[in-house]
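Note that the chains are named A, B, C, D and E in the order they appear, and that numbering of residues resets to 1 at the start of each chain.
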């Protein structure tokens, strides 16, 4: 069922068992981008992180978990990622209609502590027919090391039972606000994710800003190309084991379509594996969302 | 045994096993409100939280655990929820006479720390023939994330053995006192509970106050209707997966009957699933309590 | 073997298995007070809490663990409670000669932290032929909630294997020194113990003092009778599930015999289930101790 | 194989299983003091606590673990106690040549925190053919209670599999430096060890100093004899269950031979069970060490 | 297959099971230094500790994990050590081509906390066909004791399943920056590693500086020879159980080849077992790295 692109990607996962490779193959062969090596994943953990009203009130239909999953199905996306309650809410209706990724930790905005609570485990993921688990680490937070430890424990168990490991690596805490998306910071954050054994790495699309830390100088002295978004995507792929790992990008704050489309083109041109795109999907009408997702998919397919 | 209302509710719990659905069905079919989709639950954890004398001395018969359970039975309520010691005290006398929900964590007033101690587990719940477990989280507390983690761990185990998961989601700590019942705060708190995988969500009936936090603006800009108690109940149901989850409301501080009755009407009109009503039940004479509960049940039935 | 008094008490433990009820029955039928529903228990954890010299040097024979156990046997007491090392020291000599209760946590005076260390578990208790386990919580301490959690975990395991659960509930920390024995404080502390699922509750005999906290007002407004020691014992029994739980009292600091005897009379008249009496037993000569214990037993029997 | 002295000692361990009693018997019957009820144990955890150079550079041969074990063998000592790495280094060469006691926690001088790290467990002890495990607690440290808890957990497991439990009880933290060896402090510390269920208690030889704490007054008012080292050893034995537990003493800082010999005489005359003697053994030449150990053994045998 | 040198080394590991000795034998017999008792190990955890760009951008090929492993293979090194993600990335391509050591904890530079996160366990090591596990402790850090505890737990499990235990012992925290490589500090740190039960100890090559702590005086008074690098290597071997443990040295900061070669000679002359050499390998062109490694191997072989 796999073409050479997919086989090429799968061959980079040298240590995984058959079940995990099957799930990875399922992810890479699903939806309109199936077989292209590109992915568009719909994540809906926004309600956990920012509350339902900041996330959904501009498009009230989106208060319903089914809204999101059916959108992912209709748009032909690669996977749907969400916290346990939301996956449970569509578990039978959407069984086998779109691959599920169970987000296993989450934060909330009631406090501004840079930490996450574990809310699910691999047994939940198996029960809910998920193909993988997702986890967030905050490199730079005071909980940095504990989060990494938790991620690695989860991934250890996940690999045993054949689940894909997706790591959200979001720098936060010890750097400036602007530095959270600096190229040198995100390069390091993505490499950490690869070293933790993630199959799929999710980072924010980096800016050309260089955070003023110990990693800054080498960007200048070794002339690392970071001027264009395409350069930066290429660099992140390089930092993820020289392209051996799947990397998907999020765009962060909602923005206008043109900016977004340009980002997608850069991801594609830089060899990124696609997008995790939440707010820009559900914070507009269903029609507009489908339209946008179609455009994005077209770019990745082209 | 289920009518279409109950079947409709049960069908929303897409991931649960037969045992859990049976217990949920038992809850929804029990007592005078059986089959209506509405619930009135008697919780008696007041003695843990505020001490026996603040809770029971105005109605000395209520120092006896049997008083409460027999009241729940006589009034035809849907369930009785309490900490382990109190459930144990009536375990054989009231076996199968009213569904038990085992409250698995509790706080006390000896310190004002915003945290709870785990006092029971699913094995206790099974031993005591309970249909479910209850847990409290305090979004906004410094223990916010640990409590969420503990709730999700308990729920994971509970679902495996077929127990219903009831989550008390009480915002506390990072917001103003008034903000604890603000509509934007309770909307978020209830959504968290849904995302944690709770089957039944318990929050306080929200006021029209908007806590001044990052979620406030969207209520105004997106014109969310929150003027009347009915509007607010509707909104909370929306925040709980667009009505896919059972939500019951507590009234908080004891108040006069008229206010209380109006609250019940609003819960009903807003599509809420009922009430958890403690102090207003046992801090009056048995006759008056039965009378009040009858009135409440009548409203929900009407 | 049980008379109606004992059967009456046992019938209140509605959720316990046969093994636990057997052990409870053994406790209630043992020694000179067997069959009366009254208990006198000798606890020797004084050496842990205050050191051997403050505890034993006024009666040097009492440095020997056998001294205490043989005294309990000779005096015909209901049970002997002590930390693991002391129970082990008499485990074979006094096997079946007096019921053992294994005290499973202890503090010491080297630091003034209001916490306890877990020193034993149910497997130790079973190995040492104990009928039950004892545990201390400090409501009001900063470790309040963790101690409650630990007690409930121990009790959960103990009930499974048939061991009686005895809870020392000693308010400490958030209240005034005088408040530690205030009637409103001890009433709350004893109710917590009942809610934690203790079979036997141990509190200090309360004074008529009312600690100035949120529970004070109801004592006045609801006219709770607390003037005499007998009133207060009655009230504590009421707070322990309206008499459904066995409550034993300690006298605290050593005092003269007359005061002590008056306390015993009050406990009896108030419906208390007896005394846990340590220092007043071993900090005098053996003859005087036996004499005093005889008097106490006579009062309880009368 | 046991004579009446050994049988007398063993009979005090009333709760232990056959395996543990066999190991205790092995300890008491080994070496030149076999059958006397006296012990000389060589502990080499000095390198962990103070570093190899402060411990061994005055006698460079002692950098080698075999040096120590062979010395213990040649001198006919009762047992050799050390951290895991050192026991492993001689595990086959010295198998059955001297009983091993595995020291299961250790501190180091890189920080001055009054705590220890767990470095080994009962499975290590069994694998290394040890007869027992050793553990250190620091009564008075802020980690006081956690260390006691850890000791009791280890001992619980050790007794199940038949290992002897040796407890180093070293007061530290809340008292003055001088108070660490005060008779009232060490009396309490040794009693704690007995209550924790230790088979063998190790404390420092106490001075006549009385630390100014709550235990001081009774020494004066109850006229406890503490003037001579012999008096103090007698008192410590009394505090350890009136002689029911084996107590060995360490001398602390290296001193001249005459002082040391006098200490040994006092331990013997006071009924102490022997010495744990480290630095005074290996911080001199092998010949001198053997000579000193011979003298010590002669005193204990006389 | 073992010659007398290797048999001599293996015979020092007196407590290990056959599997562990086989893996140790495999390590000592692998590559160009096989059979010499010397080792050169390539560690690539630099990207975790300092980020990919500070580690790899001066030699962009080295962003690829395969680059490193194939270099180790081509250079005929003894083993390749790296965090889980990097080992996984070459698990099948390089299976049996070079022994793998799984680094099981790592730190990162996002915070300057002196601690490490556990990222892998023995089950990962077995799955990835590793011959051993690596772990870092920071003697002197506030997490000193917890890291030691974690190392010993890992090693306990590793020895059971036959994995070699490699301990990185890096003093950090309580000493001056210069003191981190002081001979008295590293001597103590290496001895700690031996006492923790490590099979292979990795420390930095010490300087002649003496950190001003309690271990300093004995270096002077006992005339410990530390003037030359060779002296210091000899002393470290002495501190590691008088040569009974394998000790490998890292050079720390990248330096010119001459300095490095002189260090290697000193390690050899002092009886050290070889080098762990990371940055000096991959932060130059492949040709130059191979050339340097050849020179190093030649020295060790000579």
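Rule of thumb we're sticking to: a contact is a pair of C-beta atoms (placed from the backbone, for glycine too) under 8 Å apart; a residue touches a chain by one contact, two chains touch by 3 or more.
Here the structure is a predicted model, which means the values were calculated and not measured.
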Touching both chain C and chain E, which chains are there?
D
Rotation angle, chain A onto chain E: superpose the C-alpha atoms of these two copies and give the value as a multiple of 5 degrees.
70
Looking at chain C with chain D, do both copies bring the same residues to the contact (over half shared) or different ones?
different
Give, as an integer number of Å, the spacing between the C-alpha centres of chain C and chain B.
36
Rounded Å distance between chain B and chain D, as computed from the means of their C-alpha atoms
58
Chain A residues counted as touching two or more neighbouring chains:
none
Order around the closed ring of chains, commencing at chain B, then chain C
B, C, D, E, A
Residues of chain A touching chain B in their complex?
47-48, 50-54, 57-58, 60, 63-67, 83-93, 106-111, 113, 115-121, 123-124, 127-128
Can you list the chain C residues touching chain B in their complex?
12-16, 139-142, 144-146, 148-149, 152, 156, 159-160, 171, 173-175, 184, 187-188, 191-192, 194-198, 213-215, 218-219, 222, 224, 238-239, 241-242, 244
